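The following blocks contain the structures, represented as structure tokens.
Common to both upcoming complexes is chain A, partnered first by chain B, then by chain C.
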Partner chain A sequence: MIEISNLSFRYREGEDLALRNVSLTIPSGQFVGVTGAAGSGKSTLTYAINGIVPHCYPGDFYGAVRIDGHDTAETSLTDLSRLVGSVCQDIDSQMVSSVVEDEMLFGLENFGFPKDEIEGRVTRALADMGISDLRDRAISSLSGGQKQKVAVAAILAMEPAVLVLDEPTAELDPASSKGVFDLLARYARIHGTTVVVVEQKIALLSAYADRILIVKDGGVYLDGAPADVLAHADELRESGINCPRATSLANRLRARGLYAGPVCRNVDDAVAAVEEVIA
Partner chain B sequence: MIRFDHVSAAYAVQTPVVRDASFTIDNGEFVAFVGTNGAGKSTTMRLCNGLLKPTAGRVLVDGVPTTELRTSDLARRVGFLFQNPDRQICCKTVREELEFGFRAQDALTDEARARVDATIERFGFDANAEPYLLNRGTRQLLALASIIVMEPDTIILDEPTTGLDFHECEKVMGAIADLHTRGKTIVMVCHDMEVVADYAERVIVMTAGEVVASGPTFEVLRQRAVLERAGLIAPQVVDVSLRLVERHPELAGTPIATANTLDEMVAAIEAYAAGAKEAAR
Partner chain C sequence: MKGFLEYVPGDSLLHKMNPVAKLAVSLLIIFACFITQSFVALIAILVLDYAFAAHCKMMPQTVGLTKAVAGFSAILALIALFTVPAGAVLAPLPWGYIGTGSILAAVRIVLRLVACAIPLFLTFYVTKINDISNALVKVCHVPYRYAFVFSSTVHFIPVFMNDMSGIMEAQTARGVEFDGGFAKKVRLMVPLCVPLLVSSVRKTNSAAIAAEVRGFNLRTRASGYKEYPFAGRDVCALALACALFAASFLV
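Our next item is the complex of A and B:
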């Protein structure tokens, strides 16, 4: 469980607060999607959960963040990284090895996982990400999207209680992006992993997340189930977020008095909505 | 014009990442390359501007093989926006960044300075700002602007909207659409099918290094089998249209079966619903 209470943070070199009085509780096993315009504070929120803030970025830190009861400000980054697995936005800065297999082993060996468990974890995580064939490849020979998959696999192999991912699908093709979200949803459902994922692709969030947070000016602007958040189309647009086309389609039909059903969060919903209109 | 004539390419000793690719991109076209990660799209882009030379076949730019052109000469005709703007940005101020191409060619004339000024104004940049302190979206716009200012005939964009929010994406794509209106050739790699649907006129699909489909945007994006094979997902409105026709064969032949955009789909449904009401009377 992640408990954030009255959290505010200002980077040392910054004038404005990057986060403003954020209070949130994310229960174990919840799949939370975070989105918002550039510079809204999304990444800082992920840093506050994995402890990068305040441990690596000095600044003014107010309030508290607790991961399964551990106060992040009072827990060392090493201990935190056992609880919270992170995939950063800049994949190249995350990679430490020159070959995919070594990258997979790095975290597992450093955390002292039993030797007989390691092989199974590596094989499973690579297979889950659909990249078993990349195991012996040099990281420098991989495409941007392939590297992103390796970074996610390396974190999944450690099966942390909390997963924090900052735009993990930015460079992925549509099928792979969907694959990553399928996988994250499965980890949340089956292993009870708490998943917090920052993502610009609102269509993916609305189709998969249990809950969506819209971050604006360092605060949580909207917080709710996807359909409830998507009902605020105008506010979303103002916040730099475009509703999925499937949602917009149903909204336009509603505005013309043709449709009166619930908000559509994906193509399945939109197909059902149109069927209702033309029946 | 860019022509690929049975082109293959490989890095070091690995198996080819582009295999026997042949296609032609005419002047003034707006073409999107789509496909899975590692399909060879970025490599194809590098072949277009001579950063990479083919191991077999020929890449012709305006009829001349890239192997016979110096990269610096090619750069004048074919501008290139990298996937990551930080691989491109190298100067201390926005103005210097925009002047960089001219300086490199020893051509920072009064006319060039005027073009830099006009570009700064058009994009609303702060001329003295330090590029690395700008946010990602603005850095991307700056990288794009530093190419636009040189006015190459062709501009190649490797995932121009990655990591941008909706407003930034509209700004970047708006600038690109504007170039296309002014007759420039646009070649872009893009994973966002909504962006492809909104802007590209033609789509070329790559799978495992090969060109597997090419055609007008919506003709290609309506082919389920091609999309599946290439790891793509149809734009949502097209997907809704395809699924409705699959589930209700009687909709084939109606505008719903051919609606590609939100406007078209809303109009098609409205017309269909009105017609159904009329028939019921």
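Our next item is the complex of A and C:
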């Protein structure tokens, strides 16, 4: 579904490459988490997938990105947006309407969805995000977290084949963040949607993603299943990423020769590891 | 009071009217205000404005608007007072005089500006901005691009106001004192317009990108989900507004 070949990109106003020789293949339906330190190139990678780079941010673009066979550099942003739904990092800028309902309708109207489908899509997406009660609220009266949910719901309503989300839980509390990831994972499973989500909370990614990419200095530093990536605790720390505490605990036990089991991704895994050590 | 041009929900007749009809009625009332020279007609329009405001439960906001517009128009009224020599002489001036006609001209300016500001004010507060722009596209065939510019402008006003207050709070935290007279406040705020402008340009660019990746360029007149048919009440309101407009030529 997503093929990235030898992609390098330098913003016109930048001196260094924002992305360096990135090559990836993301099959259809995979849930991919992307994380890394600030300025590592995570957002630029998402821009390359949804076509914002090079269409909106010009610069030196090398290599190729293909979405379902369409070269992003040669396909118009409008045509790409039929395939890729994007939630940007700056939520305030993403909002184009003053009322939640209008925000939901914007993409559906533009893409010409049949009118008898629109109401169902809006109602379903709002209910999925748990924000049906916000339908008639003014956007300016919403909290940051509510705006993020509205932005995600507005994209989900269009049911794109690929979802690209740049820190969709940045302003959400832990429970709401988990709720958003629950929904994204369930949604992707039901619709066979490919999801690429940039997220700082690696514990969330390790719990939900099929695959984690660690981006460092514009390149993909680590790429693998969550358990495999979390096994590289030292490399993660060097990249400015803290492992989940459950993983750190098991890694310490392992370093002392007390535990030899699999990498712990969550509290349940850690409890099992500690019980094994005590036994 | 909600934010600037933020929709006030309700179920009054004004809320239910077609957005284009509301705009047209407002514009006809405004034209009538500028055409008529009669005090009685202006006062009648003002009474009508307040009746509308009371009907859609916007009285406190309308009183606030009246004070603001009256304050602004007082400047114009003063200019008229000193520059329109008319009627019986009350006070001679080196370049003319202040007469009874000058006072009437000044009062007429205040009345006219207040009477014509209220209908548009009410229209914008009892109608969702998207409904106004979508109805203009559907009914008046205004190109969507222009309607979107209008609705985006209104949408971004509270965003930029928040940005400005954020910048001011940051400056206050660094010891800048915004308390004090109007002139001092303006002097301190002028340099802050540069970061606000930078942030506004960046946000506008991001919004344009966000709109484009959601199919903005595919939009046609038929794309709008909502329809805006004219009902009997819209036709009646337009007919009455036309009658008022015609009457303004006669009185």
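FYI, the second predicted complex is superposed on the first by the 279 of 279 C-alpha atoms of A that agree within 3 Å, B and C clash if a C-alpha of one lies under 4 Å from a C-alpha of the other, contacts with A are read in each partner's own complex, and residues count from 1 in each chain.
Convention: contacts are C-beta pairs under 8 Å (C-beta built on N, C-alpha and C of every residue); 3 or more make two chains touch, one makes a residue touch a chain.
Because the structure is a prediction, the values reported are computed rather than measured.
Contacts of A:G240 after superposition on the shared chain: chain B is touched, whereas chain C is not. When both complexes are overlaid on chain A, the residue A:L172 reaches chain B alone and has no touch with chain C. Looking at the shared chain after the overlay, A:T193 reaches neither chain B nor chain C.
In the superposition on chain A, contact is made by A:I278 with chain B only, not with chain C.
Of the two partner chains placed by the overlay, neither chain B nor chain C lies in contact with A:S206. Of the two partner chains, neither chain B nor chain C is touched by A:T72. Within the superposed three-chain model, A:T46 lies out of touch with both chain B and chain C [touch as defined at top].
Contacts of A:K115 after superposition: chain C is touched, whereas chain B is not reached. Touch criterion not met for A:Q30: it reaches neither chain B nor chain C. In the superposition on chain A, the residues of chain A contacted by chain B and by chain C overlap at 141.
Within the complex formed with chain A, the chain C residues making contact are 2-3, 6-7, 9, 128-130, 148, 151-152, 154-155, 158-159, 202-203, 206-207, 209-220, 223-226. Note for the complex: chain A touches chain C at residues 50-52, 56, 77-78, 80-82, 84, 86, 88, 90, 92-99, 102, 105-112, 115, 118, 136, 138-141, 154, 158. Those residues of chain A whose C-beta lies close enough to touch chain B in the complex are 36-39, 89, 141-146, 148-149, 167, 170-178, 200-201, 203, 237, 240-242, 244-246, 248-249, 252-253, 256, 258, 267, 270-271, 274-275, 277-278.
Interface of chain B with chain A (complex): residues 11-12, 14, 34-39, 42, 83, 135-137, 159, 162-168, 191-194, 231-233, 235-237, 239-240, 243-244, 247-248, 251, 256, 262, 265-266, 269-270, 272-273, 276.
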